[in-house]
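See structure below.
So that you can tell them apart, the chains are marked A, B and C in the order they are listed, and the count of residues begins at 1 in each.
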Amino acid sequence: MRRAGAVALNTFREAVRDRVLYNLVFFALLMMAAAIFVGGISIGIEEMVIKSLGLSAISVIGLLIAVFIGVGLVYKEMEKRTLYALLAKPVRRWEFLLGKFGGLVLTLAVNTLAMAAGLFLALLYVKHRLESADGVLLIAVYFILLKLMLVVALALLFSCYTTPLLAILYTSALYIAGLFVEEMRTFHFAAPNPAMEALLRGLSYLLPNFENFNVMAAAAHGRAIPGALIIENTAYSALYSGIVLFVAAAVFSRRNLK
Amino acid sequence: MPGAAIQIENLTKDYPFGFLHLKKKRSLEGLTMEVESGEVFGFLGPNGAGKSTTIKLLVGLIFPEAGTARILGKPITDIEMHGDIGYLPEQPYFYDYLTAAEVLDYFARFHNLTAADRGERVERMLKKVGLETARKIQLRKYSKGMLQRVGLAQAILHDPKVVILDEPMSGLDPIGRREVRDIILELKREGKTVLFSTHILSDAEMLCDRVGVIVGGKLRGIGAPGEIVGMKAQGMEILFELAGDGRNAAAIIGKATKTGDRYRLQVSEQELFAALEQLQGAGAKILSVAQIKASLEDYFMNLIEADRAQAAAVEVSGT
Amino acid sequence: MNSPNSKNWLLLVLLLLGFAGVWQLQQQIDRERAALHQERDELVLRSGKLIKAMSLEFAPLMADIYWTRVVQYYGDKRARHDPNFELLWPLLDITTTLDPNLLVSYRFGSTFLSEPSPRGAGHPELGIELLERGIKANPEYWRFYEDLGFIYYFELKDYAKASAAFAEGSKNPDAQIWMKIMAAKIAAEGESLATSIFLWTEVYQTAKDPKVKENALTHLQLLRATQDCKQLDALADEFQKRTGRRPLRIGELVQAGLLSSLPVDPMGYAYVFGPDGRTELNLDSPLLEQQLLEKDQK
């Protein structure tokens, strides 16, 4: 664990030194522009627009970082051979993977929290006060982070055995599929035959369901989110990421480095 | 402590290649050998012979198709073994966003060291490999030679009993090579076991207690450098200048080739002293006397040729 | 080497256990989210213009996505027998704002916005608004006038406007000749069975969307059943004239030589006489439900 921690901290440091956190500037500018202009275009729903725009931006920026850095986590170290000296140290390969995963999740957590703070500032600017109902935003942000954790796990898995370009393709494909999992289940009128429908149904429970984490609408309206969902989503993300990391470790531990 | 530091038994490795990695090429064929504790062992062979493969198998970067190996009695699959070894990869590369001190500190974290101990060791290593002045520069600005020094530093940072170096001298200038040689000799003085690979004969000769020659994935010879066929001297070369016309040694001078003011003369080892006497008698100024050796390349080529001939013979007799 | 085979099996078992856990959790999350289900109906952004601005050059693609949402939304509501089509209009509004030339969305949209519940949202005025927008963006497409006249004719029973719509559409050089005939016929007669059948047949034959086609077919079947019932009633009157009493079963008309065989409705169910002696659909016929819905509206 200590060794995984060392890898995690180094991964975080790499992200910081590679200026990943500069995206925060972009986010800040976006929020400022939105806060200033939104009143002009949509009277009455400024608050909703700020919230949904902010959450969307947090999600999209997080996804970009998770996918684009995630797919290089292992591949880059293999390709540049920085991994060679490290793996000769008393560190197990799964510890290395866990550290890489933890490092990027840490980066994303810091980044997401900073953006959430920016969102609250923009909200404060628009409505001059914050209400307790705005706390739902925090849950929405937490769900986004849970989602990103799962995306990082998937990207890391692909990073273990394929090139970044393909890994980006696979990860985004899975992500998009994971958004439509519920549609697969409620495809009442277009499923050509029962066998196909059963297959789609089964698949819909095995694919990562990213729609689970989407409470943007509820958050935008300041509606409460049941506590049970918070626990279940946390468990879901942890379990699913665990499975993916487990597979990644199994794949990577058998892998011959070039 | 006498006995073997590294025991290798029947180690075999295939590399997949081609479409879907369906074809396999054997890159190491049943390697069995031992490296004694406290010795400096040189792995000699042309590029692609299997030196790197063996080293990567030993440090667990790749996994064998067959065979086992033990380092200090522990199987190479045992994670504990890694605490006892230091490894310098071929043409090492490190995180280029870190400085030398940071990268060493990072690697030190994987060993059971206290924070204070870690800091002290990092300082000592930086001094040892001569990087104190460059310690705060990010590795992206380092030259190849400097990276090699960082690599060496991280390999010996935790005071390992066995040090494994893959081509430690490649890509270095003459001064760098001498520094690496000094470090290897120092490790030997400290009683450590050093295994390193090289394709340069003189490096091996100067440093090694024993060498193993590996060609085409097979071990072709093992022993003290002088024992290995092809490393024995083929004769002696005398380099000299003449003060006068050298008339009283005209016979022997006639055999020499002249370049500029200097003469080169090749004689057998038995004739050496007689030749020197004659030359001195003629008033020649002896500049140097050196052994003539076949180059390692020639030696390797001979081995490869022999392999081909044998393979051809087998093919003929087989049909 | 501690038997790599048993290690692989262990991996597999652990994987299966993990996915079983995921399955279990997903069921729970689904239950939890079902409580939030109304929210999935919710549109965060209702302003088509804002969405269009945000979709950059991908507005047509976004339109396609929203169009899929429209179809999904309608199909899902129908499948769950949920008569609340509240979001149909905003979704169509966004779709047609994103891509005003997405012809299919207007015809589908106007049909199901106008159709009474539970087949549609029961808002013919929104259907008309959608079509007028479609006509503005695609003036060369004469069939929107057909759809417009359709809504005035069937849903609003405003025959003057229906006739005007058909007349306006017939001015398009591409328009088929019957547009002009319809304009005149509706102006003269108002609603007639023949006109209704003709209009639905036209929709049935030209519609590309399966839902629209199916809807037209149902209407045609109902119209034919109405026609059949009228004829059977006339025969029953004839029977009464001859025998002095109302027939109790359709079979009596056959025995009396007024019919050659037992007539069936478009779904294949025999007609029956009701307690008031008038022809009705068989109680088993699926058409009956549709017919009752129709009557409710009137």
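Just so it is clear, a residue touches a chain if its C-beta (ideal position, glycine included) is under 8 Å from a C-beta of that chain, and two chains touch if they have at least 3 such contacts.
Predicted model only: the values in this text are computed from it and were never measured.
Comparing mean CA positions across the assembly, the chain most remote from chain B is C.
Located most centrally within the structure is A, per distance between chain CA means and the overall CA mean. Between chain A and chain C, the centres computed from C-alpha atoms are 41 Å apart. Here the CA centre of chain A is 48 Å from the CA centre of chain B. Once the centre of each chain is set as its mean CA position, chain B and chain C turn out to be 83 Å apart.
Residues of chain A in contact with two or more other chains: none. On the side of chain B, the complex with chain A involves touching residues 56, 59-63, 79-80, 82-83, 85-89, 91-95, 97-98, 106-107, 109-111, 151, 154-155, 164. Contacts from chain C toward chain A in the complex involve residues 11, 14-15, 18-19, 21-23, 25-26, 28-29, 32-33, 35-36, 39-40, 42, 44-45, 47, 50, 72, 75-76, 78-79. Residues of chain A that touch chain B in their complex: 2-3, 6, 10, 13-14, 17-18, 80-82, 84-92, 254, 256-257.
Contact residues of chain A toward chain C in the complex are 41-42, 48-49, 52, 183, 186, 188-190, 205-206, 209, 212, 215-218, 220-221, 223, 225-226, 228-229, 232-233, 235-236, 239-240, 242-243, 246-247, 250.
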